[in-house]
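Read through the structures below before going on.
There are two complexes below, and they share subunit A, which is joined by subunit B in the first and by subunit C in the second.
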Partner chain A sequence: MRHWNGRRAALALLLLALLVLCAVTAAGCLLGEQAMVTDFSRKNLSPCGAFLFGTDWMGRDMLARTLTGLSLSIRIGLLTAGVSAVLALVLGLASALGGWVDSVVSWCIDLVMGIPHILLVMLISLAFGKGFVGVVAGVALSHWPSLARVIRGEVLQLKGATYVRTAEKLGVSRLQIARRHFLPHLLPQFLTGLVLQFPHAILHEASVTFLGFGLSSEQPAIGVILSESMNYLTTGKWWLAVFPGLSLVLVVVLFAAMGEQLRKLLDPASVHR
Partner chain B sequence: MSLEGMGLTFGYRGKGKKGVLDHVDLCLEPGERLGLSGPSGRGKTTLCKLLSGYERPDKGRVLVDGKPLGEYKGLCPVQMIWQHPETAVDPLMKLGDTLREGGPVEEGLLEALHIQPAWLDRYPTELSGGELQRFCIARALRPGVKYLLCDEITAMLDLITQAQMWSFLLEQAERRQLGLLIVSHNSALLERLCTRIQPL
Partner chain C sequence: MKRILPLLLAFALLAGCGGGTPAATPSAAQKTDSVVIAMGPTSEPEAGFDPAYGWGAGEHVHEPLIQSTLTVTNTDLTIGYDLATDVQVSDDGLTWTVTIRDDVKFTDGEPLTAADVAFTYNTVKAASSVNDFTMLDSAEAVDSTTVVFHMATPNSIWPYTMAIVGIVPEHAYDPATYGSNPIGSGRYILKQWDKGQQVILEANPDYYGEAPQMKQVTILFMEEDAAFLAVQAGQVDLAYTSATYSDQSPAGYSLASYESVDNRGFNLPVIEGALTGDVLVRRAINVGIDRQEMIDNVLNGYGTPAYSVCDGLPWYSPDSEVAYDPEGAAALLDQAGWTMGTDGVREKDGVKAALELLYPTGDSVRQALCADFANQLGELGISCTMEGVGWDTAYDRALTQPLIWGWGAHTPMELYNIYHTIGETGTAQYSPYANSTVDSYMDQALACSDLEESYTLWQKAQWDGTTGVTQEGDIPWVWLVNVSHLYWVRDGLQVAEQKIHPHGHGWSVVNNVDQWSWG
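Up next is the complex of A and B:
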């Protein structure tokens, strides 16, 4: 660790991204009140010193609204990515047991992956009655297959690996094998998969909300902000869509970068670098 | 008291009707050094896998000292040393942990195998195949092990190291009354080492 090597750079980037995202989440929580304040004396202001992102047709501060929306998106992302990653882990492990369980799980994976994501999220969200519950259920129940497939493959490979079989022959107990061999191989896959699900979850949450199948319109969600601003775009209020949209992209890119750096750090091949 | 394979028949699934092994018999006594020779693809490694319980024969039985191999729980008295040691060690485990996987290692074994203490803190990718093979041998030499199946274990080593390894193994086999099954393409090596050679 004497030099500024690849691992340290990756760690620094990871922490930086984490810090920014935490700051956005915290700021959004604190600005929740301010985002709802309407003041018709300052409506439709273009970006200026006092209002960096401008104000909308009800005089609400767009910076506060954007941050609150992003914060909400990140928290929903946290919840949905967590739920679907755990779902993926359980199903992936169950699938690796083989037999009919594997057939059932593999069939479900193929089924869910075969339906376009956004369509599935919309359908599940509708079935759960839209709103917060609908969005969370929709995103959580549609994002597990890819990670489940990775975990299933990894477990199957480990089960047949010579070093695992040799450990069995040396009389190592099943619990010890799980702890010594399976856990160190599966944990990086799981954590990376978890973090890389965030950007998907956030984008899909914003899209279904934008399309009107998600969060209700009184919540300052990014999807709501974007869909409302569509009505004002043609009248030249470009800042209503551009800044929230760019911020959403930035958050997604940060999450993706975080996942990528985490993958680099946890990659088996780089573990001792 | 011996390791017996009786009428061993085996075929890998999806490989067509023709199996790999067809009614092969083999008997290995403690203290004996049996050489197994044969061209590539004849099933030498497969036979080792059957004898050490990594695969189950389609027909036939494997008996260890009169008891079926599958009835042994815990440490298997038949241990196989693989041709490719890279696949037989966990890439995410330090070699010291790999070595102690089955329990503490006997005194003097590391020195005799020329394993340097510094290697214990390294990961498998940081050592060469020959160095890893020493760990695999040390790991397999548990007190309860009676038969050792050596599948081309020195094919990747230079001649001096080969001689070193084999003199070590012969000495250990002598002391522990191990039965050794030695698989090799090198007929000179087999003739030098073995008490008996069985073509496959």
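Up next is the complex of A and C:
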């Protein structure tokens, strides 16, 4: 492995994380049916060969439920992180127009960042009637500001760059400038930001569901699993919380690692490592 | 060191959790006349101890303890007297005359007179948002010991309403403050109320009846898991619990199970064209459900099969009971035209037999009952999906979909609320259903001037030999189980005989706390 440089290692790690996450997502999709099956003849089993994560008070297979829950979380994360990253990109680019547009955008960023995150997610989710729609709306509409702020900063810096101003003087249209000069420069920030939004989105989806403002309780979501497990912890059914909780942490760590490796690959400063 | 410290702390915590030896049960031996009880946080009366705002009445009925009532319900749920010495009703059922004791004083020393009774009823009629007092026109004190109720409509079960309305003093009643500073004439005085935490009751030294044996009753409001931890730590004498914890065995305590009419059941909306619109399907569901299996699976055996909303009460019709008969259920479904498909799901004219069942989100017992119900229906060939709903939308959705409900009260009015059509809609309130014969029996029962006779009419409303709401009738609701109420009771505490508990796992247990003892 000595001939592996930093970039190759980063790429390998990135692919590995991606592979694991894809596998979890796929497994969850396939186990969806099984996760809903209740069988009272096997209730409250502690982890064993047949049920690696044990079963709950309705005899549901916790492994299947956890995987389905994670898969659901990842897919919701994909959707919400995508939506909020695009939102951030559009708003960030819009602030290049300067003047009142920029003022409105920065005001919006300040406004949304000023409200405690989880509170905002809860409020939006409630307003959208909870459930799947509520969670997606809540998480998507509350995660864009920090990325939007980064992009806006970059855009403002670019606007002052000589080559951009030259292009402007040469009469290149604004749209062209945005496409030819801004986008390529912003892409690394955007991609890294996008991936780094996943862990946030997933954790917030889980927490808002845990608090009862998110996905409905018949869904095998991680938040639901964890909040249900609370009732059983005092009677010693630790496996209901420990394995799903650890799995959630693992997924979040994998996403964070992916983001980090992606940044390493895209960051020009690290190109020679 | 900075890194080691949290680690050490974590170990200390773990060690703390691991120590299974219960803390020495403090003061258990010295206790003679005080008791500490843990109840759920929802048992704390939001508006305080004011009968006009739901204390004792409302969804979860119990004796108000701090106030006296005119009547009481006996252990067999017939009517006895508290303040009342005699209750008479006119033949048209529109005038109730109640004479009361003349030796009763409020805890501020003022005597309790018929004027206070009349004042109380006129107040609750005007103010109560949790109870229906539309049958009462007005209450009037004729002399100091006689009160006359002028009814708007005949109401034979008025004594059951009189059993839950605590009498408040006219001279010291201010709706703004009474809830937190109640003055009554009951067995106990509110000594202290720390909102969100505890209520301390002390025996009323001037009580007109038998002096309470428990001089001090402390009620702590805590979640189920906290209540269990309090039991393990020996901090409470009696704590509510559920089947989830029933396999535990905290040292120094035993599990007490009290029968209830705290039932769970599904409404089966009677809608033309829907699966549950066919009476044969509803009958098949009613006999195709193995209730005992449900009790064993979900309630760890702590429950009784339910066949009606009022099992075991004086107005219960034994005709409601059915035997588990899966073959019979299958035959009924065949007869209805729902034939078994190759995939194990019945179909009729190309339509699959499917139900979407609703349960209130956050209620794990109802969720599990719903799941078991779905599994059992699946075996009959009806495929079911489940959805958790909040109460904000549940009532509306139950008008078209089966929802798992919990009922059970110490009044036949519940039959009326569930099966009788209301207003101009021509259908029952909670789930679409109408049967004019059932309606007329209940109307007659309410109009009846004799309580005993009204019981018979309530029973006929359930099944009169040709029609009703039972298996051979319309069966618009299927009743599954009565959830027994479970408590951890400290060894040595003698809990007096309980009357069958109504819906709501709260104050019912302390109805007779004055008769509890240590021994």
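Brief remarks on what is shown
Following the convention adopted for this analysis, the second predicted complex is superposed on the first by the 249 of 273 C-alpha atoms of A that agree within 3 Å, B and C clash if a C-alpha of one lies under 4 Å from a C-alpha of the other, contacts with A are read in each partner's own complex, and residues count from 1 in each chain.
Following the convention adopted for this analysis, contacts are C-beta pairs under 8 Å (C-beta built on N, C-alpha and C of every residue); 3 or more make two chains touch, one makes a residue touch a chain.
What you see is a predicted model, and the numbers here were worked out from it, not measured in a lab.
Of the two partner chains placed by the overlay, only subunit C lies in contact with A:T234; subunit B stays clear of it. Judged by the touch definition given at the top, the superposed model places A:N5 against neither subunit B nor subunit C.
By the touch criterion stated above, A:S46 is placed in contact with neither subunit B nor subunit C. Looking at the shared chain after the overlay, A:L170 reaches subunit B, while subunit C stays out of its contact range.
When the shared chain is aligned, subunit B comes close enough to touch A:T162, but subunit C does not. When the two structures are aligned on the shared chain, A:H185 is found in touch with subunit B, with no touch to subunit C. When both complexes are overlaid on chain A, the residue A:S103 reaches neither subunit B nor subunit C.
In the superposition on chain A, none of the residues of subunit A is touched both by subunit B in one structure and by subunit C in the other. Subunit A meets subunit C in the complex at residues 38-40, 43, 57-58, 130, 212, 216-218, 228, 230-235.
Taken in their complex, subunit A has these residues touching subunit B: 161-167, 169-172, 180-181, 184-185, 268-269, 271-272. Across the complex, subunit B meets subunit A through its residues 52-54, 73-76, 79-80, 82, 87-93, 97-98, 101-102, 122-123, 125-126, 139-140, 142. Those residues of subunit C lying in contact with subunit A across their complex are 224-225, 228-229, 244-245, 247-248, 297-298, 361-362, 364, 367-368, 371-372, 374-375, 386-390.
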